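Provided herewith is a single structure, encoded as structure tokens, for subsequent inquiry.
We just call them A, B and C in the order they show up, numbering each chain from 1.
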């Protein structure tokens, strides 16, 4: 499997500020999340990989092309969905996507056909003929996605794709991203919204202060804990506590109608149900503890701060 | 509302660089033509064609008439009344080319004014709007070079300049030739056409380079418009002051080339060889001076304009290079 | 005691309706205001902070009229949406100035500003011009100016938009602390899971109307015509499904993964109890039992979509 992205000791300095401190990273095809606090260097990394900003030192290859010498080849095969509006005032949605296709090197006819195909895909119907400045924020995001897809890239870079969208718009955007992933396009998504990243990404790269702090599989992170459980119940917490204790289920913490417990051994969830029946506290929910991306993220950042 | 089907990949080919800048031109021209005042000026520039052709036609009539002795008395009367030697003019059949060149020179002054206005309308937004609406990441995440971008943008403003200068000039030449039989030989006509092309393309290059640099300097196109008008008009004022204040010997060099208007007209005179033309017509020296612009050695304006253009082009290119690099973080 | 009371409140802009005949009472503590774009959230907040005058009806905040009433306004801290700055001044000056506008005098304003800036973690950057701030920093300085006059009521319009997870975590903790100290907060956000983590008191709005108010659980329970969905992850979901299919209140059973069963029912409590019995009786291996659509996201989805269909 060829990797889509490979960097080696990539450094970027702006005067006295070192935005990237020697990034060494290798990314396989798939949907990857790029996380990090503000100032971690995510945007700088993307700009360097896109060839928009020259690296101070180090090497990197995108889809096998060198970022120093083969920038145009890279840009032919990748699409970029920027964070800001980036519209061209005066153009309609269709005109804008068509223009993007022409800029990517498509012929007039190809760009026209493909623009409308892609606008269908992102769900901009009649609205495509209206001036793009009048679009709602959700529509603008989808328009930007359309212009990034018009030349059928192999890799998409997305900078905060669900920023500022209402829940419905976000759902739509995330389902588009999932579908693109399934179609074989690799996506690198930089986002602050961890649940969104959890939903669509297969792997994450966590950056902080110009360095890569951690990389990992989402699946790994979200594996259910074998013995730690959260239980929602109705009724007497005290009685439940005692019944649990009788069965050697340790109670970790308790709040109103919720208790977290540790089972004596894996696959002994029935102990909880027995205890609940005995205590007359009917169960309303049973969840194994899962690491969240948020925890892994915080841990990584803390780890760097403690260094 | 929801896109229901799955993503489909595309199996076409991406062309080479040569396809891209026409797209930039097309979109730029389309957006700039939306303004009613721009369309008005373009329409008004047909006035140059009408005026030139009318003059050519009148001249040809005068020539034809002048060879008839019946009108000698009429000419005498006109000479006394208006001080114009119509007989002399009528004899100028052999100087038709020189006369036509003179007409174009007169039109040039109006066209420069039109060009200044058109540039002020079309030029400032070209790059400034992209800066303001932060459209640059879209451009520079595509496989285009900063040169392509600049060339496309320049071509937009050049197209508009050409529509008020080159297009009317060539149309006048063509229509005039059709109406009056032309300059007599192909060589003369083509020579005149070539000189017009060189002059007008020169204006497009200089004007385009300067306005693009200004447009790339600031994201607010209103400031750019003011800057452009200031750059055109203030030097003219300054030149006027210098002309009055300094003895005429000093204003034949660089000090006489401060105003861009003067620079262009002096170079046009030189290009069109107007001095020789006037001599050939043996016009009284006063008349020649009044039509011919201030006597500046054409080398100086050439140097000034070339330097300004090169400087502007360099600045512009560097600025766009920097913008393309900082695009993602804008 | 109601913190914000709306009675028959309507606001229109020319032909465009902002809020339509809204009567609702927002209580103490933290209340989440959620709804699609254009639903009327910002309109409601602007009405509550005296920036807009109602077209019809009344609004009372902290028991009093808000329009043109500085004594009430000085007790409300407002964090608006979007970029609302003078880019040249420093963060500290910005907060100080706005604190003084709220009625604090010189030295008091300065110390209040300092404290608010510290609470939002902006002490390091407070003497730099706002022009150089990142989006997250701007959000935080906005929140600081809302906090400086130590208001009784905080009205926050999308306060966490654009902040990174670290800042978001810190700010959420800050809001919790403030609420524990007795400050009432009305917070609008598109990031539903964060609102849900902060509070269970919701106000849901769509097309200028309130579609739900109150505690999330109660809202869900009272949603007629929407069977509840319960997700069970077990070794043998089919066996479980077979047993449950006998029960009358079960309106649907779906196997979505090899180990996951979704049960649709009109009486969720009954099903939970049955599940417990069944599992114990048959000694089945079950790893998870959870309400699949009682979360804010699902409820929001149902209510705002339904609302669109009238």
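Just so it is clear, a contact is a pair of C-beta atoms (placed from the backbone, for glycine too) under 8 Å apart; a residue touches a chain by one contact, two chains touch by 3 or more.
Fair warning: this is a prediction, and the values are worked out from it, not measured in the lab.
Q: Average the CA atoms of each chain to get its centre, and name the chain whose centre is farthest from that of subunit B.
A: If we average the C-alpha coordinates per chain, C ends up farthest from subunit B.
Q: Specify the chain with the shortest distance from its C-alpha centroid to the centroid of every protein C-alpha atom present.
A: Closest chain centre to the overall C-alpha centroid: A.
Q: Taking each chain's centre as its mean C-alpha position, how far apart are subunit A and subunit B in Å?
A: 53
Q: Quick one: report the Å distance separating subunit A from subunit C, using the average Cα coordinate of each chain.
A: Comparing mean C-alpha positions, subunit C is 23 Å from subunit A.
Q: Averaging over Cα atoms per chain, report the distance between subunit B and subunit C in Å.
A: Here subunit B and subunit C have centroids separated by 61 Å.
Q: Find every residue in subunit A that makes contact with two or more other chains and list them.
A: none
Q: Sort out for me which residues of subunit A touch subunit C in the complex.
A: 35-39, 136-138, 163-170, 192-195, 224, 267, 269-270, 273-274, 276-277, 282-288, 294, 297-298, 301
Q: Of all residues in subunit C, which touch subunit A in the complex?
A: 34-38, 134-137, 158, 161-169, 190-193, 269, 272-273, 275-277, 279-280, 283, 285-291, 297, 300-301, 304
Q: Which residues, counting only subunit A, touch subunit B once they are in their complex?
A: For subunit A paired with subunit B, touching residues are 43-44, 46-47, 50, 52-54, 71-73, 75-76, 78-80, 82, 84-91, 95, 99-100, 102-108, 110, 114, 117, 120-123, 125, 147-149, 151-152, 159, 172, 176, 179-180, 182-185.
Q: Mind pulling up the subunit B residues that touch subunit A in the complex?
A: Listed in rising order, the residues of subunit B that touch subunit A are 1-3, 5-10, 12, 14-17, 19-20, 23-24, 27, 30-31, 34, 129-130, 133-145, 324-330.
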